[in-house]
């Protein structure tokens, strides 16, 4: 009897232990390595983004609340004073204004000319591949090269533009000193540089237009202009939106061409947001001011990017 | 796209005329730049542009008297390094977001995505300090490190990885491939096209870097072409226009080659990554 | 290689998808898991494969608990619905893919790949890329990959659902042959009851998070555990009719001509009766006032005729006759039962009694 | 697909070939440097902002210095404009790339003084018996001194002067301006040139450059900021509006109105364009640093260059102008051995012989009093008497607080602010309101800066 009892107990014990084991076993995941791999794979990117994007953003906000001395150390806490002085400074407001003029000018021209190039190149005639290569070629031009090409073209005394003007007895324009002309010259150079990219993207949208729609409108006897406005444009509107927003964002961040062509002048006419930041921080040593300007720039870019995301969300499943 | 048989001859002529005019507008700056690069500087600065004593002297001068070759090498080195790093780190992160199950995955993804809202141009001050304290001012690494990964690249490759049938991953699991093995032998070759696109894109954007190298390079040993050309331009107070145009021509050629071969990937990749 | 599921439960975000699954699979058995889409059959397969975690319960292979063991350590292979072939690898490399990952010696890989290709009759296609193959050929590559791995357990997840009907029939027998030849323990997930019936040794019917029945194909056909199983198997579909139980003569009456004898005493008044269409009969009636149903639709399949008719009490029945009939919609008939029928509990829908003949 | 593959392979091949072909060239470049870079030598990194012929000559000095001794190896690096360089120097301090010795301009005197990043050259002068500081122009030294101590060693020194194209004037039969011209003297020449050339030649320009404006104030004996240009105490306010600046700007606007004035804007491009126009005979008169003489004489092969003193208001004596240019400074973040090397290099550059060579090559004025005894300078003056003009102007100047530069932080800021005002004025804005705006901007800058540094404001 006792033996049997013991046996039973032992059995019970065994069952208990087994169930404990099974509970433990269940906790072990078949993907136990995943945490390690997630860290290994995502870690580097996350670390880099934190170190070079998130941390500096917070630091920039922090710096914008202080005054900085000649050596770039933040010394006196001033709260939002830097922002107040920025937003009441006529220079900064003028800079905001000229940035908007520049951004709008660049975007409108880029879209318009990009559409013109893309629609012209989309017709399959002999040699169209050759023309497409030409139209996209400015994508391979870097900032410095573009600046040098255009600086020479716009050079008031020896530039080709004024030489041609002189030849035809047209008025000689002072491209580098007239504020309006300088703005135009910077816009033209930027648009020229942007065109390759805009053309490439818009052209691929034209390429993927359904042929059947064209055939149908042709049957219905719709004119080309009407068709372009009411069939083509709506069909490529997602691409159009993409190109516009990218161009907007990129032109808000313009720096290189301005630094090379006008250095913000004349009379601050082309002193855009990023050039202001550079000028204040790395020429004047006024880090607090530059930081406040950086924060304002970030807000503008963030809003635009957010609009882009919202739009993408409809198109792309995350 | 349109039935060309219906096109009358004059319509075709007008179309070609338009194509040629647009081509000239696009090519104009190239042509003017290349032409002046063949002229003696003295003639350029006295305004004589339409002359016939052209020569390659300016090119010879640019190659021998300026560090332009060094600049080109620096740019090439930085761009290739950035390209390799970006493809590597972005694809790893994108892989994690698609094929690895971990806590708060979506949170991390949105975190990464949100960096696209923060412009690098607005963060140069603290980043300069960081690079300085890492002792990386005036070095290749200093110019590459902040751009070794990008939210855009991660996003694009994630989209591309998500288009892979998940069964491939399961098959690989059953076959006993580790994440690393599947990443190398499955995910990367499957998404080749997107990888090439990111490579081409990151190469060009690294090549076009301007502000950051301007701030962090202090000697010609490390200056890339963009900044190098700026230095050349400001050093030649006389504005040795011929030589500067020649330098620009020397620099524009490699990118045009990359563009010519990479065109297809830019187009498809940009559409994949952003529009569709 | 025997397999055992013990109280398997799977929940996603608190919502259960499988509850208390129990099953035992013998070595060398062809075990089909059948159920409508979304019933969790693929989930079960993936838990066995080690691709997803088990929330609760135990899975054993050869008596050894394998919870938490990584997929690669379970020594099994899997064939997927979409074949899971790498488009950038040719047939040969696709088959060798896993073997290379396991760092098997080159010689051995060559031998196995050649053998597997021979088994599926694709030796001439080894240089091709998947996109240059037909659907059936791709499926065979996936099979070859399973063969090459030498594992004795093979899991298949609806492997034939992307093929056309004719090819599917052909592949069924090929897979069955392979399984026999290689002595595989095969777990086969499908939503197609015919596949399960024709191929499997045992079938597990899954629905609504639970196992409905595990039995041989005939066992399932002849003794469905509940109305769902009865409904799921057999073509054309079983007739489910409601009737009243008369305790005095152990009979369930559906209408005046349709009556089922029950061989045991039941305790409720209303029951649900399942009669397979081939267990029903009818005769045409000229007088419109006679009979109990009128013909609605007639499908002549050549070897058999399927007639669907509306009973006067509003229920629809399908009747199969093994010959060609000339009968038109609208005609009056008298529908009767040949005798075989299942009686289901009206609430739980479980099998309550079986009627075998009158 | 196959096509893609081919494209990719092509691309890889092209890139690899390009890379490999550049590799040996750049490695060679490195090797040459390292071969000369005798590992035993102490490396002295030297940052400068010289361009054109000055850069060539400076590099030549570096080469000769390295040859002249075997202890130090000076490595010169170009750092852009003066404005960029100051900030780079401050930003890189105590990093592995910062220079041991650097060239920094008049604009940075106060900033560097307060930064605490420099070792005053006075320290080396006091120790080094082989160097007689009195050989160096006292006017130049005063500019870079504070409380009697020399902070940086003046190196490239210039004077703002007025250039005119003598050949053009002759061509149109115009009497050249006198050696010490008044505003109306210049106006006359400019107008005549514009009219007689049938408006083909612009009469005059003054670059949009705050330094030139400051010199106009200095020449009138006024101050740009209070506390006598910051020489008495830390400045607290700008004083851009004074009798001197008003007269000067009225003079400019008079010429703008009559059409003979041309505005080239500001920045590197502006000065380049201005120079190009002058050389190509499209511009008659401009005011710039005397440092441009070298380039101008080089560029005017067949034309004659005229130089005069900086112009002054009518009916007033010229007070004299401050020096321009830059000094050499020693960083205190390097070992004393390196600093000593830097000092030796500075000493080398200041020798009578080298200063004479420097002036001949660049147009910057020789600072060593003994330089004028050298053959180099004697020959130079004999050949081209115009080159003597800036030196004479410098010699005639009696230093006072008005013409010894502005001792205030943020001169870069001041220049930018002034550039804005000048641009407005050139484009016809009201002088007083433009300058008031500039003053306000500068005042708020000074206030914030003083606040940040804990000074009186």
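As written, the chain order gives the labels A, B, C and D, with residue 1 at the start of each chain.
Quick note on the criterion: contacts are C-beta pairs under 8 Å (C-beta built on N, C-alpha and C of every residue); 3 or more make two chains touch, one makes a residue touch a chain.
Just so we're clear, the structure is a prediction, and the values are computed from it rather than from any experiment.
Between subunit C and subunit D, the least number of touch steps comes to 2.
Of all chains, the one whose mean C-alpha position sits at the greatest distance from that of subunit D is C. Looking at B-C and A-B, the interface holding more C-beta pairs in contact is that of A-B.
Chain centres here are Cα means. That of subunit B falls 56 Å from that of subunit C.
Centre-to-centre separation of subunit A and subunit B, using mean CA positions: 14 Å.
Subunit D has its Cα centroid 38 Å from the Cα centroid of subunit A.
Computed centre separation for the pair subunit B/subunit D is 37 angstrom, with centres defined by C-alpha atoms. Looking at subunit A, residues 31, 33, 157-158, 282 sit in touch with two or more other chains. In subunit D, the residues that reach two or more other chains under the touch definition are 88, 91, 268, 276, 280.
For subunit C, the set of residues touching two or more other chains reads 50-51, 70-71.
Interface residues of subunit C facing subunit B in the complex, by the touch rule stated above, are 46, 49-51, 70-73, 76-78, 80-84, 86-88, 97-98, 101-102, 145, 149, 155.
Contact residues on subunit D toward subunit A in their complex (touch as defined above): 83-84, 86-88, 90-91, 93, 111, 114-117, 208, 262-270, 273, 276-277, 280, 282, 409-410, 412-413, 416, 419-420, 423-424, 427, 437, 441, 444-445, 448-449, 451-454. Remark: subunit B residues 45-47, 67, 69-70, 72-74, 76-77, 80, 128, 132, 135, 137-138, 193, 196, 218-221, 231, 233-239, 254, 257-258, 261-262, 264 touch subunit D in the complex.
Residues 1-4, 12, 15-16, 18-19, 22-23, 26-27, 29-30, 32-33, 36, 44-47, 49, 89-90, 92-93, 95-97, 100-102, 108-109, 111-113, 115-127, 129-130, 145-146, 148-149, 151, 154, 159, 178-180, 183, 204, 207-208, 210-211, 214-215, 225-230, 233, 241, 244-245, 247-248, 251-252, 255-260, 263, 266-268, 270-271, 274-276 of subunit B are the ones touching subunit A in the complex. Chain contact summary for the complex, subunit A toward subunit D: residues 67-72, 75-76, 85, 89-91, 151, 155-158, 174, 176-177, 179, 182, 261-263, 265-268, 279, 282-286, 288.
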